[in-house]
Amino acid sequence: MFPFLKKEFLHILRDRRTLMILFGMPVAQVLLFGFVLNNEIKDAPIAVLDPAGDYASVTLTNKLVASGYFHIETRLGDAGAIEPEFRKGRIRMALVFPPDFGRALAHEGYATVQLIGDAGDPNTANALINYAQAIIADYQTAYNQGTGAPVGITASTRMQYNPEQKAVFNFVPGVMTMILMLIAAMMTSITLAREKELGTMEVLLVSPLRPIQILLGKTIPYLLLSMLNAVIVVLLGIFVFGMPMRGSVALLAAECFLYMFVSLALGIFISTRAKDQMTAMFFSALGLLMPTMLLSGFIFPRESMPWVLQKIGMAIPATWFNPIIKGIMIKGVGLEALATQTMVLGGMAVFLLALSLKNFKDRL
Amino acid sequence: MSPIIARDLTKTFGAFTAVDRLNLEVRQGEIFGFLGANGAGKTTALRMLTGLLKPSAGTAEVAGIDVSRHPNRVKQRIGYMSQKFSLYEDLTVRENIRLYGGIYGLKPAEIRVKTEQVLRELELTDLQNALARALPLGWKQKLAFSTAMLHDPAIVFLDEPTSGVDPLARRQFWELIYAAAGRGVTLMVTTHYMEEAEYCARVSIMADGRIAALDTPARLKARFGVGTMDEIFRAIRNA
Amino acid sequence: MISLNGLSKSYAGVSALQDVHLEAYSGEIFGILGPDGAGKTTLFRILATLLLPDSGSGRIDGLDLVRDYRAIRRRIGYMPGKFSLYQDLTVGENLEFFARVFGVTVAERYDWIKDIYAQLAPFRARRAGALSGGMKQKLALSCALIHQPKILLLDEPGTGVDPVSRQEFWDVLLRLKATGMTILVSTPNMDEAAKCDRIALLQRGRILALAAPDALTTAYPLPLYAVRAEDMYPLIRDLRGFGPTARCYAFGAYAHLALQTPTPESAIRHFLESKGHRQVEVFPIPATIEDTFIHLMEQSA
């Protein structure tokens, strides 16, 4: 028994990959999770609609701003101006006072403030609303000190684009993004590696096929299959989970296509570097699954991550596609609002393909 | 009693019979050649005799132990060297020897003595700290053989030990086998080098799961009226 | 047609090929003979332009091995040591694929591969993975030939193949040679090597000798005898103690005894009988390729 134990230790210590998993991964995970799980949000842009602008409403607004969680992006003139601000993605929350907030508090002893969150980003919206509610409760307590009759301030909340507050808006788009990417990337990541492992790569290389032909030949079938996948996933999202489809179908299809292409290019890139299928799968899981889950804003809001992680998150395609899919399906926006994200994805696609080509060794 | 006895040893995989009522007896101190084309059933039979595979029918007795019923008891008494794998590639030569010593239950003092002995006999002292994977194939095989013999088993099974090895190392390997036989060890060897069949006291040739011929090389050649083992092989195959 | 100069290659500090010089003429069958680990596959991969040598140079059909690799790839047919076709495609699909990749169609080039393909034809719809060893080799050969290469590189084509298929394979090679193709074959098998026009003996990355098989065996410098007695092992041991012995090894039923100086048979016989050996046989024999290989190995050690 004992010599066998010793042998196992020797094997493990001499295998770099195992060491990486044993030590590297837990450390990385603890660090990542530690930072990412910090749910605090800072400096979220909000719009304020305050018709009366009286002492109470202004004080409350200032208190909210002073907390550091919010900053006033714009002051609105009427309720109709709220939705366009959400649409443009300029605000995360709208704070709406009734016209007689101060007077209602003083004379009737209660008033209602409305907090409207952006269901396009449900996690953030919930967090912001919770902060706001806490601050308002605080304000209420402070207000009530030193007065005879306590007043009550109610915060009524509403989710723009998701008035029924359906939970699915929270995670179905994120899941869709992840699934589409994972399948596309993982499938292609093993394809080149498999040829290398089986030995068929040798014979392919010696043939007149040029690297770009081999690469495209590998990508295109998966692209078509992934589009099919995308259709299925979207349909499931709509019909089984009740996701709305408020935007243009054509735009969604086009953006999905672009996103698939980026994912495939990512997979191919991994494939050009991996020696065999196991390595390819390993790097897909490590290099794609984990960062996408943690850093793309799918589960944990990006705003609450340290600057470093936010920046790293920008390199992940899912980070850019999430707002696109939510924007189109939940908010019904058009290309103008998503121009930045689309261009970034386009750039990534070209970059990854070029990189894969460059990395493709036409020798063993 | 004979060290290796197979009686009507049979193995079926579903509808396919890999080994069909094998009967043989290997004598003490004999070098027995177990020949046959790929797919004839050699490896399956060997696995049953070493306790790695449970027979579908029949018995295998090695060192007096019924192998199918007590496969673990037999392991202390036999050495086994398989062609594909016998050494741990990422351990050094020395570590491999020590490992096997430990596995076979040798005491630390014995292991030390044996290690020096093996290193000296195989002339590997200079390479004792080299990783096994860095050794040329011929040396690996010789080392593998020595580790299989560390616990001085009375019976050794060798599965294609010289495949692909260079002609010099191959002969040196056989001299190790001869030396072991000289010490009274019983060895059962499979090989597809026909000339190596000549080094055996007796050989059996398997075809389609059965033994097609079993005798000394000389008598087999006489019976088939040919001059080389190769021709016997061909004759059997064409029969 | 093929020339290699001072080619060397190492992996991770282990030397696979050292200073290899080689020349193969147009239209000949050139064999590379060596055991596992000698460097055959590395050599073939360099020839197929799949690996870059660490040092040295080479030319194939006048083209530089490193610079003109794309042009070389069009002129060679390559069959790697491990079966390297698509196991989950059928025979027909594999062939079709390679034909298309090389810009030809199976129909166009059918005549060329007719001989081998005829044997494969009944299995046209079977998946490559389900073929026997011999059939797989024939398929791989067909795919390597489909574009009519000038040079054929076959890495251990006989390994893992039953002797009958191996013989058929060689018949095909001879027919191809007759069309003017240059063929390089690697093998660990001495008998196969004997069928080549010229061979190079490769051991541990070095070329020990290069010549026609006959020339090699005739060049064996020492007197060689076949010796036999009742027990092989004591025989060899005793012969190694015999004065004039250069080396003595078992070769099947007989031991091969190489002497440093010419010695009469009677002296050998007398020596053995004095050691108690019975039924002694001694007679001179011509060297085989294996004898030559062992001789050269011991010389280079």
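Letters A, B and C mark the chains as written, and numbering starts fresh at 1 in each.
Rule of thumb we're sticking to: a contact is a pair of C-beta atoms (placed from the backbone, for glycine too) under 8 Å apart; a residue touches a chain by one contact, two chains touch by 3 or more.
Predicted, not measured: the structure shown is a model, and the values here were computed from it.
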| field | Other chains in touch with both subunit A and subunit C | value | B
| Considering A-B alongside B-C, which chain pair is linked by more C-beta pairs in contact? | B-C
| remark: Expressed in whole Å, how far the mean CA point of subunit A lies from that of subunit B is 61
| note | The distance between the C-alpha centres of subunit B and subunit C, rounded to whole Å, is 27
| field | Contacts with 2+ other chains: residues of subunit C | value | none
| request: Within their complex, state which residues of subunit C touch subunit B. | output: 14, 34-38, 160, 162-163, 188, 190, 203-204, 232-233, 236, 249-253, 290, 293-294, 297-298
| In the complex, subunit B residues that touch subunit C | 37-38, 134, 136-138, 163-169, 171, 174-175, 178-179, 181-182, 194-196, 198-199, 217, 228-229, 234
| field | Contact footprint of subunit A on subunit B as seen in their complex | value | 88, 90-91, 95, 98-99, 101-103
| message | So in the complex, the part of subunit C that touches subunit A is made up of which residues? | response | 45, 48-52, 69-70, 73-74, 76, 78, 80, 82-87, 98, 101-103, 143
| request: Quick one: which bits of subunit A touch subunit C in the complex? Just the residue numbers, please. | output: 198-200, 202-209, 363-364
